[in-house]
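Chain IDs A, B, C, D, E and F follow the sequence of writing; residue 1 opens each chain.
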Amino acid sequence: MSEGVSKRFMFVNRKAPYGSVYALEGLEVVLISAAFDQDVSLAFIDDGVYQLLRGQDTKAAGMKNFSPTYRALEGYDIEKLYVERESLEARGVAEADLLVDVKVLGREEMAALMDEQDVVIGF
Amino acid sequence: MSEGVSKRFMFVNRKAPYGSVYALEGLEVVLISAAFDQDVSLAFIDDGVYQLLRGQDTKAAGMKNFSPTYRALEGYDIEKLYVERESLEARGVAEADLLVDVKVLGREEMAALMDEQDVVIGF
Amino acid sequence: MLHIVNKSPHERSTLAACLAHARAGHAVLLIEDAVVAATRGSAATLAALPAGVSLYVLSPDLQARGLAGQLAEGITAVDYRGFVDLVAAQPRVQSWL
Amino acid sequence: MLHIVNKSPHERSTLAACLAHARAGHAVLLIEDAVVAATRGSAATLAALPAGVSLYVLSPDLQARGLAGQLAEGITAVDYRGFVDLVAAQPRVQSWL
Amino acid sequence: MKFGILVNEGPYQRQSSDSAWQFCQAAIAAGHEVQRVFFYHDGVNNATKLTDPPQDDRHIVNRWTALAEQHGVDLVVCVAAALRRGIVEENLAKGFRISGLGQLVESAIQADRLVVFGD
Amino acid sequence: MKFGILVNEGPYQRQSSDSAWQFCQAAIAAGHEVQRVFFYHDGVNNATKLTDPPQDDRHIVNRWTALAEQHGVDLVVCVAAALRRGIVEENLAKGFRISGLGQLVESAIQADRLVVFGD
């Protein structure tokens, strides 16, 4: 399915999971993008960091727990997951609380990385 | 259409117009409520105060300008319009900028008034 | 009065607006994405709580987000049945949307 | 980079998040409910603007909300054609949702 | 106690409909009456019979229908909001009926509490 | 220049669809090409032919159809998002087609800019 062009894609996740469908349906776009041989990265800033918390249990809320999908991303060769340090700190979330390996970046580094992309899609 | 019960209804408007339909469709509920002989009041707090600004001109945005409806409320005997002073001040909006006569209340008075209602519906 | 808030205070102003209008004897219930305000990492929530206002959080929504172990002291977790009981116990209810 | 913001800074955190990531040479365009941030009554917007970032507002949305006469100095009003030109002129575009 | 419920958002996109349904279930289990669920704004999109979500996810529309069938809950879709969004008799799911906004005001008057779920 | 457009919200409830349509009109008037409009999340609700808004308001669905018919713009509705929300061939408005998410990624690759309109 490659189009012969390789672009740098960044998917920016700013929202908590479950309150809205953006995190779940955003992840579906990320998975599809893996089939196109592009340079894909994911950024988690602001409430988006909550998407990666360990121990999500949606049984009582009656919704589908899609958090295991973040662990499956590696199998799709999507390995560039960036989390903003200031967002973690403002929420009292530690890197050890996250369910996948990520690279933690300061806000300035995150802004620089965004500035290097060709396509930025925020959910 | 009276149900023989008179309740105190307050419709709380917290959102700017046009960016979402809540202000417009909220107003439709207010108009219907007039037919039920209830004690109806409207509160405008936070970005809800923008709903009442004079001079709304939606031609270029291609949307329907529904702001004249606020002037029609009096004809439905809906005359209790309360605007929160702190919300006006935080937005640099003066009472003279508003297209209808309202009663400006301080936050404390607004909270007290909310506390006297039977039904509070926020849009 | 039972106030219901459903958005994260990091994303929206609804919790702040609610707490600015809550009065002694009222209860505030955090549901959906607002449950993030009930964690130890969100000390600002309790700091802004007016005197005499009690704070509750919906545990199914806290669990869904992996935050069940992070509940701050002074906040009571309830399930949907507890949500119903709160609505019944308070004479009025107001959702901050 | 052209950053697009569509929510009021009084209601959501998106404008703040955008401005915290905008860099010199970037442009920020306020559309929909975000136009309220372009008024003289919203001095905080310009105060938070990083150096070298230019700020635009969509005039049809400003007019719709009755705010056309309230535009703060230092902010450029554009119509939909101007919106298109901004997207074309900047090498990238990012909507802050 | 009699509860009236107002749902302002469609299924899946936001959690409002989930929260409202869970509240109704819990209220009924606790012996209360859910007098009416009124669907307004995008809430009318909860009433389309054409939804077909993935097998491993909840079926939000069918859940509402079951609530109507098992407990006789009155599910009312606002006609004006529904016309704006393409919900008509043709695609209306079982258990729902289309009516006017007056049904919301009536519900607020008749119920002991009106609980609103939205964005 | 070639623009790709992504619409994430349904008609009327939020302004996203209005803004996206205005952008497309202005882009075409300025001599640009709108390569595709992709409807995702609740954006799929822009594609129902059953909407019937008040006479004095804009008809958002028909406006999109006209854009497709007059300018050949490719209007693509995400199949997975559409199934969750009850948009199927049966109620699909003219000018829209249902396809996979790959069409969004392809649009982002082929277009010079992808402009996103959402909540």
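The rule is short, and it goes like this: a residue touches a chain if its C-beta (ideal position, glycine included) is under 8 Å from a C-beta of that chain, and two chains touch if they have at least 3 such contacts.
Everything quoted here is computed from the prediction, not taken from an experiment.
Contacts with chain B and chain C are shared by D, E. Of all chains, the one whose mean C-alpha position sits at the greatest distance from that of chain E is D. Farthest chain from chain B (centres taken as the mean of C-alpha atoms): A. Of the two chain pairs considered here, B-F and B-E, the higher C-beta contact count falls to B-E. In whole angstrom, the spacing between the mean C-alpha positions of chain D and chain E is 38. As a whole-number value, the distance joining the C-alpha centres of chain C and chain E reads 24 Å. For the pair chain C and chain D, the distance between C-alpha centroids works out to 33 Å.
Residue positions of chain D touching 2 or more other chains: 6, 10-11, 13, 32-33, 60, 79, 92-93, 95, 97. Contacts with at least two other chains are made by residues 8, 12-13, 15, 22, 41, 57, 80, 114, 116, 118 of chain F.
Residue positions of chain B with contacts to 2 or more other chains are 14, 18-22, 46, 61-63, 119, 122.
Touching pairs of chains, sorted by label, consist of A-C, A-D, A-E, A-F, B-C, B-D, B-E, B-F, C-D, C-E, D-F, E-F.
Taken in their complex, chain A has these residues touching chain F: 1, 3, 5, 7, 9, 21-22, 25, 28-29, 32-33, 35-36, 38, 119, 121-122. The residues of chain D lying in touch with chain B in their complex are 6-8, 10-11, 32-33, 36, 39-42, 59-61, 63-70, 79. Looking at the complex, you find that chain E touches chain A at residues 12-15, 18, 21-22, 56-58. Interface of chain A with chain D (complex): residues 12, 14, 22, 45-46, 107, 110-112, 114-115, 117-120, 122-123. Residues 18-21, 61-64 of chain B are the ones that touch chain F when the two sit in their complex.
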